[in-house]
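Both of the next two complexes hold chain A, though its partner changes from chain B to chain C.
Up next, the complex of A and B:
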């Protein structure tokens, strides 16, 4: 019963976005993603999420933190609630040098720039070094948040292969030479040498030397991202690259995994000239990092036995890592392989030949288990045979249940492969990793 | 109409379309609040039944998409709880949600629907995928559309233009569901027609024409604002527009649907609408088709949703009176 009229209908066109013609080219990839939508289910209690990278902060002494924050507001409220400096609170920067000493770094607090999580440190570093089209070298796979930053600045990411000992020096050498033959020079190497996200491996001491030597010979800057360095399960923390090459390495650190991701406090330690630019870049980005968060971290470090707290976190994550590796050993079908992390949060799994982790995701969600498909960790569409599993958040019994469900999903996908042949999904559409709040 | 007390918008659920459902729920809840209703939003989880039993709403607006939301199971539970709700009864939802069953029924009612084959994974495994796929292509030709028999938002749906692409499309499809619908691709104008019934009989709203920039109205094209051009009413000759409206009404009636539905159609070069599928809980997000059709008809989404809730509440009151 549409309304009858003598006039022809007016055809109204819409795209539900009046600004569609105004976006910058870098916004082109910011689209709705089918894979991202699947993660919406993952926070429901029925689903075992092995997808998120949130630290499990339930072990934090919340009563202590509450009392410290209350005292902070009462005693230093006019400072904590005021602007800070762009470089960050001087006392906190001193304390950050104490933290970095644990990974072998001797630093001057003047060379530390406090940032809104180490994610912002990476953003600022990329902002001051990269023009559109510049090349950045990254491990294959690499941290999804870093790939997001590089995409936002329209960098070209060139991946360099890893193995169980981390970045492979020969491949790094080859990548630099190949680029040089094309008349191109990478702006920097972005690397997570210790307890890699997502690969779960660490650069061996011999490899660290070799990587530093190659970068020295080719005069290549290194951006060392080290959010998990203090969360090792065996022995002393690994020595940071920055400890041996202060002039060549920008070191990024974070309190997100060792204290609180909600406070968003990280830092960059950089050679003087770079530091000066980072401070100015910070000022234009945020004016200053949040004073309250900085003082909260500073108060916590000054008044709580934070090193014992980190030890307790290590024990908790070790138990979860053990639960995951044991479940994988017991339950995974043959031809499935995975890394065996000695710290950090993640296991990197390689599926049997012909299986595709992105195509498998909907089935996994149906079976109430979530992971992150490997393609999220590559800028070039690779990684479809791999996936990332997190053991940081669920308790051990849930981890085992999640692995059991995942094994069943893989078995079903193997049947599909046997029926229809191998499958490889195409290049990604939109973001294929979960948001930061996914547990 | 009776006075409506607090109403419940149900959104979320555990289907692949959870995110879409949550967005639909927020949109409808806001529209209802804007017309003065007291609205609660809830997920369909273990707390739902106790919450409804403790504090029964005047009526429920179910906006769960995908399985449970659209296959009738949630509505069956609402019936058990004797809570009035907007939309079709469980039995009709079961029929409409199963695309091949719906196609059979609307075809018997006189609508054109693309020829298709419906097969589970087991058939391909037991009889050999290649030979079965070859027969399908020989019968239906190319291009083809492969999709799960149940589900929405084009999840697991592919357009296949060559035999080589078919196995991958099957794998994508079977990741979302156990049974595949393989349908002949019909070229033409893609339109969607909403049918509403606020107590005076089903009425088709103006068809909305869909022109995705990518050429494929997939998940990204559906839920990225700006990625698809929509035209309402669709740029169709008046006879074709009337045929679309009639087709949606025929589908709505033949499937025994109630209150609200949305039929997806392709209008071919001769102006003939081909029925693809019908939705009993159509999307209500910022980029969804029904709100656009409602606006194109000169209606207000909040007023329409409120009227549908009134209708549901009155219907329940009448039923209770009849018992």
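Up next, the complex of A and C:
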């Protein structure tokens, strides 16, 4: 971002004109997010940012990690600092199967491919499956980083509606049938069934069964993205879709929310044939994921009580979720609605009729509160009446203050609306690129 | 690799058939290297591997690295373990410009994009420039990992001949003209001008001028890959092409050969407009490169005498280069020829007429010596009379022993040839995927 901001636009234009004709078609869809500028401002200390999705890692036992990594270099430095295989470290892959067991998955380490965060897993899955124009089914709204990948591979995203129980089976069935009537077949369903980003809802057990049945009947591949699955606030973790349909689901996992995003260690669990293609794709993409990061995670899992650490994270995020929901209940004007997450990082808010979250955003920033406008989470420009609030990073008192400021901004917007009539923003083209603080 | 080897092929086939119809066109070009199996064997201790391109990192000051990383976590853990920006850490990008100054490059840190090894830089450059069917000019032979990337993006690779002074300007000119006559224009020239992998030659200063002049005249973009530029055995480092043509060259650098491949830190230096696209491509590919790896390299550069470390590496590799060249002089049968590298890791050997490096490979393995057959370095199946020998990893005495074994194998092949006539292998289709030990 600092890079993008500090050289003269005219200079960029000159260079740009010289090169643009040579770019690949896919590059034309790569455009900087309209809300980047807002993010630059949102990161100012006086602004309460309810926009970012970065985990709060202040609770990590840095002394433990420090000595583990020190020992790693001394004892296994020539392995940790050397190339690894493209598939990833066998011990780590074994440990990853232990982690997945917590969401009901029984897997063979041989079917795991380690990736540079689960973002890269999604990039590689899309790389091996999607030709330009191919259809990918996504929830409405969907993860902005996934929409960025699908745009980069020139996929056509078809959104399928959700409600408070997550993806709606009837709408999925209809979307598949409508496409079939056009002679089109989606490459896969991309879904975040548990603690959805940005919607903050989870797929109910009955819904999971129904979704699996529909995908089975239509022989549709499922890409299950599960970065928040272990960060639930109530009872046991939800059972992953992959747990009941090993041959039809590519499961994407990550240590970014449960340990450290800075190591960039995620993974894909896939049927053998797909796993083989993912390994080959990883080889041409990076040769291999960072050995050091892999062994760092591996030694952390082996030598630290990571499950208690996750329990502590759950407590911290639950307290923040509670702070946000009670602040919303206390402070938001009527006719503003929002979801009630049972885990994860996000609340999805719907503004009163006639309000526009992107138009409101600069005014919110001026009032020192930031959020992500809903349009970022749609490939088709919808979502202007919605916005994403995250409670993962700021402490509870800041969350309440942020909600207070946001409520005031919405009140002002309502006055404007009632005086001048509803705001109608034109529908935006293209996809917001994820941006460093949008994950 | 271990993954690929230990499940029954029949099982894989079953799954494969179920999914193959759905893969993207680009995935059909992703096939496992024919020589992977050989590599599995080549890694046995009794085999002298002259095949691998992994740097010898045994000389790294592990105690220093250990305490630097320990301090990094204690003092800056919440930054090093958190997401970074897609472009990469500003301090590291500043330090990268210091590194590039050693090859004559004056650059603005704002034009540097940090990548997951320079392999990913090449992947991202190809991603933003190349549509399926686009032509990329490469040296003949060229880096196998680059050919893997170009295959993954469905590029057409046109090889341009080299000699002992590197890429031959007349052949480059002819290739461009021939394509122009077909109404085709290459997207860029991919070149490793210094200590070429696999050819072991370097572009002479006069040649550099000539190549730049030709690319300027034809307005051709250059992608300069320079992983070995600081690992020369004689005099000062060669001046990078980028040093004299900032607006026309995308320069790819890496810390894999000068510090650690396991951290996967490389970079691209590009004109602003291209830099912008690379940052957006990085966001959808990985969100951001590993912060920990970036700060690890940054603290190493800031707190250790890295230039002396590189000097020590040069001495070690020079001794091994000398060991290989003298062994080749002493032991190889006449009519076998090879290049005399002035830096880097590799010697390129041409076998006597009628011998085939791939057909010979299993017999070489049986005699406990491994190399990479030349066909791996061509997109078009050429190179069967050539092979790559690397001296980077085994100690000098093992290198000599490996060459002794290889010479014996070649002698046997010559006997077979003189008895049964020349061996003619069919030309192989497709590209060898780089594989974990082929870089």
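Here is the rule we go by: the second predicted complex is superposed on the first by the 406 of 439 C-alpha atoms of A that agree within 3 Å, B and C clash if a C-alpha of one lies under 4 Å from a C-alpha of the other, contacts with A are read in each partner's own complex, and residues count from 1 in each chain.
Basically, a residue touches a chain if its C-beta (ideal position, glycine included) is under 8 Å from a C-beta of that chain, and two chains touch if they have at least 3 such contacts.
Since this is a predicted model, take the numbers as computed values, not measurements.
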Touching partner for A:82 - first (chain B), second (chain C), both, neither: second
Touched partner set for A:32, first chain B, second chain C, both or neither: both
Which superposed partner A:60 touches (first chain B, second chain C, both, neither): second
Partner chain(s) touched by A:94 [first = chain B, second = chain C, both, neither]: neither
Partner chain in contact with A:289 - chain B first, chain C second, else both or neither: second
If touched residues of chain A are counted for chain B and for chain C, the larger one: C
Touched partner set for A:73, first chain B, second chain C, both or neither: second
First (chain B), second (chain C), both or neither touched by A:41: first
Overlap of chain C and chain B interfaces on chain A (superposed complexes): 1-3, 11-12, 15-16, 19-20, 23, 31-32
List of chain A residues in touch with chain B within their complex: 1-3, 9, 11-17, 19-20, 23, 31-34, 36-38, 40-41, 44-47, 356, 359-363, 365-366, 368, 413, 415-421, 423, 429-430
Residues of chain C that touch chain A when the two form their complex: 1-4, 6-7, 11-12, 15-16, 18-20, 22-27, 30-32, 54-55, 57-58, 60, 62-63, 65-67, 69-71, 73-74, 77-87, 90, 108, 110, 116-117, 119-120, 123, 127-131, 134, 145, 148-149, 151-152, 187, 221, 247, 256, 260-264, 271-277, 279-281, 283-293, 296, 433-437, 439
Residue numbers on chain B that touch chain A, as the complex places them: 14-20, 22, 45, 121, 124-125, 129, 155-156, 167-168, 170-172, 174-176, 201, 203-206, 218-220, 222-235, 245, 286-287, 292, 296-298
